[in-house]
């Protein structure tokens, strides 16, 4: 199976982005680095898809504050940026694709992906919101590309915790750190997720969901 | 302006549901009590819309753990229940409306609604996930009704914190309580939200959104 | 029973402090406003104790982020300030009282106080740390005064959530608010706590405590 | 420097305790396994101190829900158990040592220990409450032993997050996991802490502390 993994460059003043650090460690997959820029990120992703012809595409982004690897279930047609992207763009309530559907569901088997990450020893769960910043933008863009140009590709998005090195100096000695996860552990989860995406045809029928 | 507010009956073993307690306190609006049952809840809502002919419909549900009133932005076409509903139904990965779009956006001016609640003194924010249980089911059902039968209606969904009385006995004397909000305060927020929904044509262009 | 309640002035740039707003609303008790200043706060408290001759003294402070009213169990002999106090003093690892004991337990019946607040409808719990800023400083100072000058007084400390008005503008429209509680509700809890402190001789033997 | 590290056996139905898994991995230190039993745990610790004659003793326990390694600053003279210990004992408001002081401060250089763990790449912070269960019991017991029998020993307590393997099956596929940390990473922090405890005479004067 040909897999393409995309990670992001650092943003919001950070010097590393664990999504890129981790995707580089996944064996047997192409890794592409995306700019944290509305529009340009999706353009770069499309170029990589044309170049590598993947069967599975998993985009990966950082979710500061989350404690586990989260497999996103749905991308929404909305750009609404709390902070500027790396090119200074800060859209407010703009569609990712004008005229596009309100949302796309991931075509990854999201519950099987979570089960595979957990089986590999890495805490993981399904998430129902990828936010409204560049991560959701790329996720929606990917699913729109699949819907319009690459119908044979299976695709989705995974959010990952920050790396431990990012939370070592976030306050005085008594300030508790936000949750973090080593990038090697994130990479193990991504490896399991990509494998599940290639092997599992129908998603697992696991009872779950969020009450709100 | 004719407004219809819907609240839910208690579920998951609770004896009260703050959504219903609060909607009954909103002056000048019809209030309808929905069963916490997939399918039946939307049927009841449709009947009330036919009966009252509202211009604005706001459905309201409980979100245990949230600390403020949240105006939901998007409903997704997915029923995935962590617990059974009040009729014992527990769907797994079932569409709300087979063949329906992946999602609908609220047609309430969500940022103006948040601003109105805050102006009324009640903490509030926009949320990008209403979960996958009966709340999201009714929210999606409402927006689908609007899209297919009631095109003149403006509609959306608001999640509210639990009431203080629900968290008084959740553990021993040293167990911190989850966040709660008096139902009178929730009702003030809902009143402000309904008013904003009737008065505001275009939503406020406030910088915001979620990073993830 | 003669009761003295102490609240604090605003600090860290805030314009209100819910502790002072709430103590002023408790019927039948003297209320004293303390400066948020190491040393001066305890001096002011001692002067009020000399003036009013209370049988019960409850000092009250703000705990931003907490969702319920917390009755503190233990004061420690440590000033360690993350931010400057209102006079610009920012001690690091300094004892409250040089040569004093490492800690004092509150002599309020803390579990009975929690039970009384809950019975009054207000979420509450016992806390095992009052921090190391001016709140803990005053709490320790109070218990030291009781140990050395006012042996007939029963005393303790209560932390309260921020008021709703303090969290209305803490971010964009999609930024969730931290937990808050109306000051009238806080005042009801304080009234119940002061009453319990006067009536209950031996604390309730309720199973509880914190695992960590 | 002769160091003794103590970890706990599993409790509350768990099959592993990361404190014991991690202390076994610290090079150059004696490791002792403590029962999660009031009284017996301190007896076992005392026996190990007599046997090994350590200069530094660090007891380590699990703190489910915390995201980083926390160096405890103060032990209080209170046993108040939310759940039974492994022998079925569940004390309510009982002193650890009848007639003992209300609290002991750790004699580890707690801020230097946090700085050392962070320098080793592991998120860490100072905590001001070790709870009121067996962890605090052993911490108080250790400091009382030091105060009464082993005046030359430097001692303290460290709480550690749960291991990833403990949170893999805590709910359905959409249930977010609580924070966790690999035990190898915990062991790196403990190694750095023990080293700092042996090398640092006076603690670092770092601005810090908790507001509440």
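Chains here go by letter, A, B, C and D, matching the order in which they are written, and residues are numbered from 1 within each.
One rule holds in what follows: contacts are C-beta pairs under 8 Å (C-beta built on N, C-alpha and C of every residue); 3 or more make two chains touch, one makes a residue touch a chain.
Note that this is a predicted model, so its numbers are computed, not measured.
S.K.: Report back the single chain whose CA centre is most distant from the CA centre of chain A.
M.R.: C
S.K.: Over half shared or under half: which fits the residue numbers at the contact of copies chain C and chain D, same or different?
M.R.: same
S.K.: Between chain A and chain D, what's the gap in Å when you average each chain's C-alpha atoms?
M.R.: Comparing mean C-alpha positions, chain D is 36 Å from chain A.
S.K.: Take the average of all CA coordinates in chain C, do the same for chain D, and state the distance between these two points in whole angstrom.
M.R.: Measuring from centre to centre gives 28 Å for this pair.
S.K.: Quick one: report the Å distance separating chain A from chain C, using the average Cα coordinate of each chain.
M.R.: Whole-Å distance between the two chain centres: 44.
S.K.: For chain D, give me the residues that contact two or more of the other chains.
M.R.: 66, 80, 82, 111, 128, 132, 172, 174-175, 206-210
S.K.: Indicate which of the five shapes (line, ring, star, complete, other) describes how the chains touch one another.
M.R.: Topology of the interface graph: complete, with all chain pairs in contact.
S.K.: Mind pulling up the chain D residues that touch chain A in the complex?
M.R.: 66-68, 70, 110-111, 114-115, 118, 121-128, 164-165, 167-169, 172-180, 182, 185, 204, 206-210
S.K.: Considering the complex alone, what residue numbers of chain B touch chain A?
M.R.: 61-64, 66, 73-74, 76, 78-83, 90, 92-93, 101-105, 111, 128-133, 135, 159, 203, 205-212
S.K.: In the complex, go through chain A and note every residue touching chain C.
M.R.: Interface residues on chain A, with respect to chain C: 80, 82, 132, 171-172, 174-175.
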